[in-house]
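Consider the two complexes below, in which chain A is the common component and chain B and chain C are the respective partners.
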Partner chain A sequence: MSDLETLRQAVIDGDWKTAANATRNAIAAAVTPMAVINCLMPAMDEVGRRFDCEEYFVPEMLLSARAMKASMEIIRPLLAAAGAAPSARVVIGTVKGDLHDIGKNLVAAMLEGGGFEVIDLGADVAPERFVETAAARNAQLVALSALLTVTMTSMKTTIDAFRAAGIRDKVKIMVGGAPVTEQYAQSIGADGYGESAGAAVTLARKLVMQ
Partner chain B sequence: MDFGSTTVTGMHVSAVAALRDYYGLPRQPVKVHEPGQMLGLVEDDLRAAMGIDVTGVFPRKNKFGFPTAGWKEWNFRGLEVLVPAGFRTTTTPEGDLLLYPQGDLSAPASGRMPLGSAFFDAIVRQPEIHEDRLDPADNLEEFGPLAAEDLDHIERSVAAAHASGYGVAAGFGGTSFGDIALVPGTSLKYPRGIRDVEEWYISTRTRRSYIHSVFERQCEIGIQNLARIHARLQAGPQDLSGAIDCLYLCGADFGTQTSAFCSVATFRELWLPYYKRINAWVHANTSWKCFKHSCGSVERFLESFIEAGFDVLNPVQCSATGMDPAALKRKYGGRLVFWGGAVDTQKTLPFGTPGEVREEVLRRAEIFAPGGGFVFNAIHNLQAGTPVANIVAMLDAIQEFNGVSHV
Partner chain C sequence: MTTLSQWLAHGPLVSDGAWGTELQKQGLPPGTPPDLWNLAHPERVEAVARAYVEAGCQVLLTNTFRANSIAMDGDLAAINRAGVAISKRAAAASTSGQVLVFASIGPLGKLLSAGEIEPDAAQAAFAAQAAALEAGGADALLIETVSDPVEARLAVAAARSTGLPVIVSFAFDSGRNRDRTMTGATPEAAAAAMLEAGADAIGANCGIGIEQAIPLCRRFRAACALPIWIKPNAGLPRMVGSTAHYDVAPEAFAAHWSALVEAGAGFIGGCCGTTPDFTRALVRARCASS
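This part shows the complex of A and B:
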């Protein structure tokens, strides 16, 4: 089995140690960082597919995300040195007042595996921090997460902050989380709503094409 | 109807205060009896005003490890409430509130309420994990034999609940297997073992023997404690062992909005043996019904829940995938009591109109009530910020329904 085939299988199996070793071996064998990315993307697509059809659940997704990240950590500096551009840059976080981050972490991992450069601001993120980071890092996408009905309203506050800063038209904003609906997303002026981690990647790809 | 008998069928303290005002009950600060979710205690006057049929028995200590007693005043962002003596907080420069295990300000805080939130979420305090030194005993620190004070408290609480004449739901703690809200060990000053939420989920896949060891021992301790409680209730001047109608055993969530946290096969391997054992003890030795809480899309687990010996399902999250109320009633109505399901607390109740609330409540009651096996309760605790007009619309609707039928 080639190093990239081993890497692909390790990501699908959620084996981060094998994923890291295979990545190092591939790089040592002069495989380009972009070829590694081109291996990770379909591997994470497969993980997303298995999640969507309920072969995989949260623990398996977390393990695959960990394996993918172990590989990305090795190749990220090489990509930067080579001046390679990601498909798009996304700023992601759980909105102000909300500390829940598992759903957000899964979406972040799926986006990263989907070829996006992900800037993860964590949980309980103030609107101005989303705005400042998106502007400073020239992000094309902003992804907002919330688990609670009481914090969901921070999504609107955050979108309003982009308007107030005069950069609303510079970014696409997608939202998701347990209490969030398509209808709510539209009512607060979001550009899209994703019901699951897999749907978030499809949505993100659609939004950056617009 | 139930509101307030367990920590998963209650109301945020702000909702309790608003309802007391609405019904014109004496103005008094509401007691926060569960500090994580900031649940308000439903006193008998409000229970009567709302038409509630069930009261609760709670453990002596809450999930932050201090007794729910010794009430003191506290200003909760403008609302005067009462909190237990051990409820001690500090405020961060950002305005977040920190809550401390066992009320000990010298220990690392175990709960955080960000500015803009209305609940204390667990602060994960995960010591570095050394695979070769992981010891299941580290994840069992919070599970142990009940102290004499715990048994005294339970006997007093059951006696008071029985004397009230209401139905009695009791939760004694310690029998929730892998409840992710409890995994971080918020009651402990320096938790050891696997305490990070993601690490725990991953461990259900990669460290199964460790999880089995934790559940195995927790199950033994849980049954021993239930046996001591039962014996104590039998031994008093009045035999109170039959005073409990329903035992809230486990709050571990298996469902998400659209899917599940694990496969049915994993559930049957990792959880089913322990649920079977503890439920079998309850059914063999008591008249108590076994109550299982699990949010989300859990239809796939219901045959296993029934096989495990659970009698009651809560909160019956009808908004989740595969949780169609009519299908649930048709398939499981003869074998499970639906305790919940009456109205959505993520969408309709907090954000709908009173008319929408009424419609949803009437439709759900029409589905769940026929033939019995339905305890009217919202889908999980009433959240902060729920308009009181919508709560009243919910209560009016069930009265309207009861005018033509019986729950």
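This part shows the complex of A and C:
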């Protein structure tokens, strides 16, 4: 098997060690970083397909995203050195009062795999921390997660904090999580809603293009 | 374990409804872990427990869902013991017969099957919580809203070491038909794993509406002979301003009582979106059918 075939299979299998080794071997054999990326994307598409077919569930998605991330970490500096455009920066976190981070971790890993630079603030993040971090790190995107109906209102508080700080127009804000709907996202003034981790990556790409 | 079947000897039992939203009505700020109130505002937690007892529930849970060392910080042993004590006080005030106190153990919030936490740490967290709940005097331990059979096995092992009856209730909210847990387990797989682990009852809560609970219940019954615990949501929430509204009315919810009993349910209550009015409706449905 070629290094890229091994890498593809390792991502699908969720084996981050093999994915990292295959990436190093490929680079040593003069495979370009772009070729590695062009291998990772269809591998994650296959993972997404298996998720849609109920072959894979959240744990398998997490492991595959981790394998993809292990490969991306090796090639990202090479891409930067080659003068590739730096990817957009995302600040992500679970909103204040909500300690659930499984969904947020999955979206963070998928965004990293999708080429974004991800600043993960963790769970139970106060609105001011989102605002301060986004401003200090010059992030283009902010991604908010919530699992509970009782904490999803912190999403609105967070968006309002960006408005109060006068930097609402400097960032695009996307929201997601079990109780969140498109309608709710619109009602609180978010720029977009992602129904799944895969949809979040597509949405993030769309938002940074705007 | 004969205790559960003794409790169920006179027919299915009504368990309580949601606590988090009721505690918010008592002034719990959104984002504050409700379990902290067992020490900070025990009288307000007891008001919620009493409301369910007054509504006629026969099984009352405890405000201890998150009180494990992975999910939150604090004096967890005291929080767990106080949680049981509060529910026992409310249960003792019942004027309509015995109310059992089943102590709530929620998931850790970290996925074992994705390597986010080590099995030893998970089992230790469950063991500490189970021991505190048993010391508080719970009648049984309820491991609820779990998704991962691997995590549930560790929880059952920890809970069984107390000698109390152990009920395990999974959240089915994933897959096209919403009949898988987040980690992909089917009712059949969950039942097989829990039989092997030595659980005394199995069930489903949260995740689903009450209509979807009926086929889940049938599938559990086909897969095992354990008593079945059912505690569905009052449908899906709809946000109006900053509060979640559930559109299913108590009577419409309780109208599914007979179908659930026929499908094999032994314990029926409500999860997110339900209130003491739902408990009253379930009690009426139970009386009407017996």
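Just so it is clear, the second predicted complex is superposed on the first by the 189 of 210 C-alpha atoms of A that agree within 3 Å, B and C clash if a C-alpha of one lies under 4 Å from a C-alpha of the other, contacts with A are read in each partner's own complex, and residues count from 1 in each chain.
Rule of thumb we're sticking to: a contact is a pair of C-beta atoms (placed from the backbone, for glycine too) under 8 Å apart; a residue touches a chain by one contact, two chains touch by 3 or more.
Remember, predicted model here, so these are calculated numbers, not experimental data.
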First, second, both or neither for A:Ala82, with chain B first and chain C second: neither
Which superposed partner A:Pro179 touches (first chain B, second chain C, both, neither): both
Touched partner set for A:Lys96, first chain B, second chain C, both or neither: both
Which of chain B and chain C A:Ala164 touches, first, second, both or neither: neither
Touched partner set for A:Met34, first chain B, second chain C, both or neither: neither
Partner chain in contact with A:Ala136 - chain B first, chain C second, else both or neither: neither
First, second, both or neither for A:Lys156, with chain B first and chain C second: second
Set of chain A residues, in rising order, touched by both chain B and chain C: 54, 57-60, 62-63, 66, 96-100, 102, 105, 124, 148-151, 154, 178-179, 181
For the chain A and chain B complex, residues of the former touching the latter: 14, 51, 54, 57-60, 62-63, 66, 96-100, 102, 105, 124, 148-151, 154, 178-179, 181, 195-196
Residues of chain A that touch chain C when the two form their complex: 54, 56-60, 62-63, 66, 96-102, 105, 124, 148-154, 156, 178-179, 181, 183-184, 187
Residues on chain B engaged by chain A in the complex (per definition of touch): 96, 112, 114-119, 121, 197-198, 201-202, 204-206, 256-263, 266, 345-347, 350-351, 383-385
Residue numbers on chain C that touch chain A, as the complex places them: 20-21, 24, 30-33, 66, 71-72, 109-111, 113-116, 148, 173-176, 180-184, 237, 239, 242, 244, 272
